[in-house]
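Per-chain numbering from 1; labels A, B, C, D, E and F assigned in written order.
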Amino acid sequence: MSEQIKKFLYLNRRAPYGTIYAWESLEVVLIGAAFDQKVSLAFVDDGVFEIVKGQDTSESGFKNFSPTYAALGDYDVNQLFVEKESLEERGLSIDDLMHLTWEDEDEDWAEKDSIRVVSRSELSEIMADQDVVFSF
Amino acid sequence: MKLSIQINEGPYQHQASDSAYMFTKAALEKGHEIFRVFFYHDGVGNGTRLTTPPQDDRNIVNRWADLADEYKLDMVVCVAAAQRRGIVDEGEAERNKKDATNIQPQFRISGLGQLIEAAVQSERLVVFGD
Amino acid sequence: MSELHTVNKSPFEKNSFDSCMGHVLDGSAVLLYEDGVYAAIKGTAMEGKVTSAQGVKFYVLGPDIKARGIDAARLTDGIEIVDYAGFVDLATEHDKVVAWV
Amino acid sequence: MSEQIKKFLYLNRRAPYGTIYAWESLEVVLIGAAFDQKVSLAFVDDGVFEIVKGQDTSESGFKNFSPTYAALGDYDVNQLFVEKESLEERGLSIDDLMHLTWEDEDEDWAEKDSIRVVSRSELSEIMADQDVVFSF
Amino acid sequence: MKLSIQINEGPYQHQASDSAYMFTKAALEKGHEIFRVFFYHDGVGNGTRLTTPPQDDRNIVNRWADLADEYKLDMVVCVAAAQRRGIVDEGEAERNKKDATNIQPQFRISGLGQLIEAAVQSERLVVFGD
Amino acid sequence: MSELHTVNKSPFEKNSFDSCMGHVLDGSAVLLYEDGVYAAIKGTAMEGKVTSAQGVKFYVLGPDIKARGIDAARLTDGIEIVDYAGFVDLATEHDKVVAWV
């Protein structure tokens, strides 16, 4: 659809369910995956809660959209940066997060981790390196 | 006990309307009386019949409408807030020269006095917002 | 009079929980629901605020912790889990409800 | 309209203009003044910014609703509690606030201050003494 | 320079739409090109023709419509977000069997791809939200 | 690349300003607007955060401080006032805009 290849970062700073931002942001990521851009997601502040495992909305009446994160790998969205300090402040570690993976076509479809835990200063550098940052 | 509910946010964007619905339903099932549900601020957006949420998700507006039918709930949308945000019934359409209405029939548009009256008449006012 | 205070915002994002804690009196109760349930997680800066509140009873809404993947074992000690019917009981058993929206 | 007299407290915790809550809350206070209830307002957290003097929206395009606070006295709404700690945290003192007054019918229409600065613990007691607390 | 604007909140409740309008107007007056204004989340509420704000206040919807007329702005309302919140044009009304529309004519309903395209084609994306 | 970060929420209510300050790099700029302008007031806990940010230039939107009754004399030293046209200039002069909504 376009000749330019841009680096897109989706900045996720909100908890899921209390507001719809996380979910509708994910809808943008899925649609955007059809465009040939270099895409990554950052989970910062309460955004880290979006990918906590074991979400179960059966008693809440609203839809559990967390399984969609596991599908991102199939859409070639496999650069998920999670901020270490944000996890720690919330009493979380990587073991509390969903195990999100993708299959590397170039290495005989080897399964690889999509999530990379990075420090706040690393994430700042990653953000600075982008062409577009989406905030929701 | 006689309770009233105030909802300050619209459907889907915030959980406020979901929480208020679950609370109201639980209160009714326990035999409490809901004197009034008052929709204020963006909460007026819960009263439009024009939403079409995804098939695999809850329909927030219809859910309120069904609860109102079942329990004869008085669901009031604040007129001033509704005017700012474009929620319109027949009377409002006529007064403000609008060519369409969008209110869901189980809701009615009225003034802020209805919220004050609800607070006066009810033993508890429970507020749900952002 | 005894009050039920409700907090529905994440304590990491907004000041609602802190503000509530600054105004809650001995003999009152605090219900954490929606994103407010994140204040109930053990091992964060919130734990101390919960455990040091004298004479205040804390509740958390079960469906909201479940939706967010928070296991009951991770809650700060002494916080009781209620469902929506329990929320209604809390609202009626206390003399009024103060919402820290 | 009702035989019961209740104590109503309007809890104002939001800054003006960034969101409409402060303004639409004021609309409730004005309508509510027609009912025979005992009304007071509390300004806590960013709510103290609502009554800062010198508000001027001429370059913003939206309506300056702050003059309405000065009219509250005419509606017999004259109990405005402002939290001391909230002011201090924001670098404000009572001199930064509008001078809001009312005329006391019982004392030959003597002009009196509507605003009373109270401590956080005093405000907590005031809240506890109410029948209804409105939050917006 | 070519810019695009994203607006995440509806009119009046948050200042986001006001700020976005003032920014967009200033950019146009400086000679910049606005590739697209994209309304997402509750931002879709800026696109209804049914609002009647108080006489002494700004009319947010009409203001956007006038700016669009003057500068031929492309103002897009996200279809998925609009369906959840009840913003409807002729096509949507037909598809979802709604008996009324409420869209303001200067806005058009389209997909999220329009936001991605705006980000690709524009030199800057400026986001206004809560 | 140099970035323009925008903050539109009160630092006393939400964590947007703090989060922005945790991610802003030397050579970037921060524009405070809407309720974000409250972070520009001298004599609060925010003043030190502004003055200690190395190599970061701060701006505040004039119409938004005026609306809120904040006199220019109350701003933390070094913060520059811009109007909407200036906001546009900042957005175009930096390589991208990051909104801390």
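Just so we're on the same page, a contact is a pair of C-beta atoms (placed from the backbone, for glycine too) under 8 Å apart; a residue touches a chain by one contact, two chains touch by 3 or more.
Worth saying up front: this structure is predicted, and the values here are computed from it rather than measured.
Q: Sort the chain pairs by how many C-beta pairs are in contact and tell me the top one.
A: The chain pair sharing the largest number of C-beta contacts is B-E.
Q: Taking each chain's centre as the mean position of its Cα atoms, how many Å separate chain D from chain F?
A: 29
Q: In whole angstrom, how far does the Cα centroid of chain A sit from the Cα centroid of chain B?
A: 35
Q: So what's the Cα centroid distance for chain E and chain F, whole Å?
A: Going by mean C-alpha positions, chain E sits 26 Å from chain F.
Q: Which positions in chain C touch two or more other chains at once?
A: 8-9, 12-13, 15, 34-35, 63, 83, 96-97, 99, 101, in rising order.
Q: Which positions in chain D are in touch with at least two other chains?
A: Within chain D, the residues that touch at least two other chains are 17-20, 45, 60, 62, 132, 135-136.
Q: Which chain E residues reach two or more other chains?
A: 8, 12-13, 15, 22, 41, 54, 80, 125, 127, 129-130
Q: Touching pairs of chains, which are they?
A: A-B, A-C, A-E, A-F, B-C, B-D, B-E, C-D, C-F, D-E, D-F, E-F
Q: Please output the residues of chain A touching chain B within their complex, sorted ascending.
A: It is residues 17-20, 60-63 of chain A that touch chain B.
Q: Can you check the complex and tell me which residues of chain A touch chain C?
A: 14-19, 45-46, 49, 52-60, 62, 64, 66, 89-91, 96
Q: For the complex, give me every residue of chain F touching chain C.
A: For chain F paired with chain C, touching residues are 12-15.
Q: Note which residues of chain D are touching chain C in the complex, please.
A: Touch list, chain D to chain C: 11, 13, 44-45, 85, 120, 123-125, 127-133, 135-136.
Q: List the residues on chain E that touch chain A in their complex, please.
A: 6, 8, 40-41, 80-81, 111-113, 115-117, 119-121, 125, 127, 129
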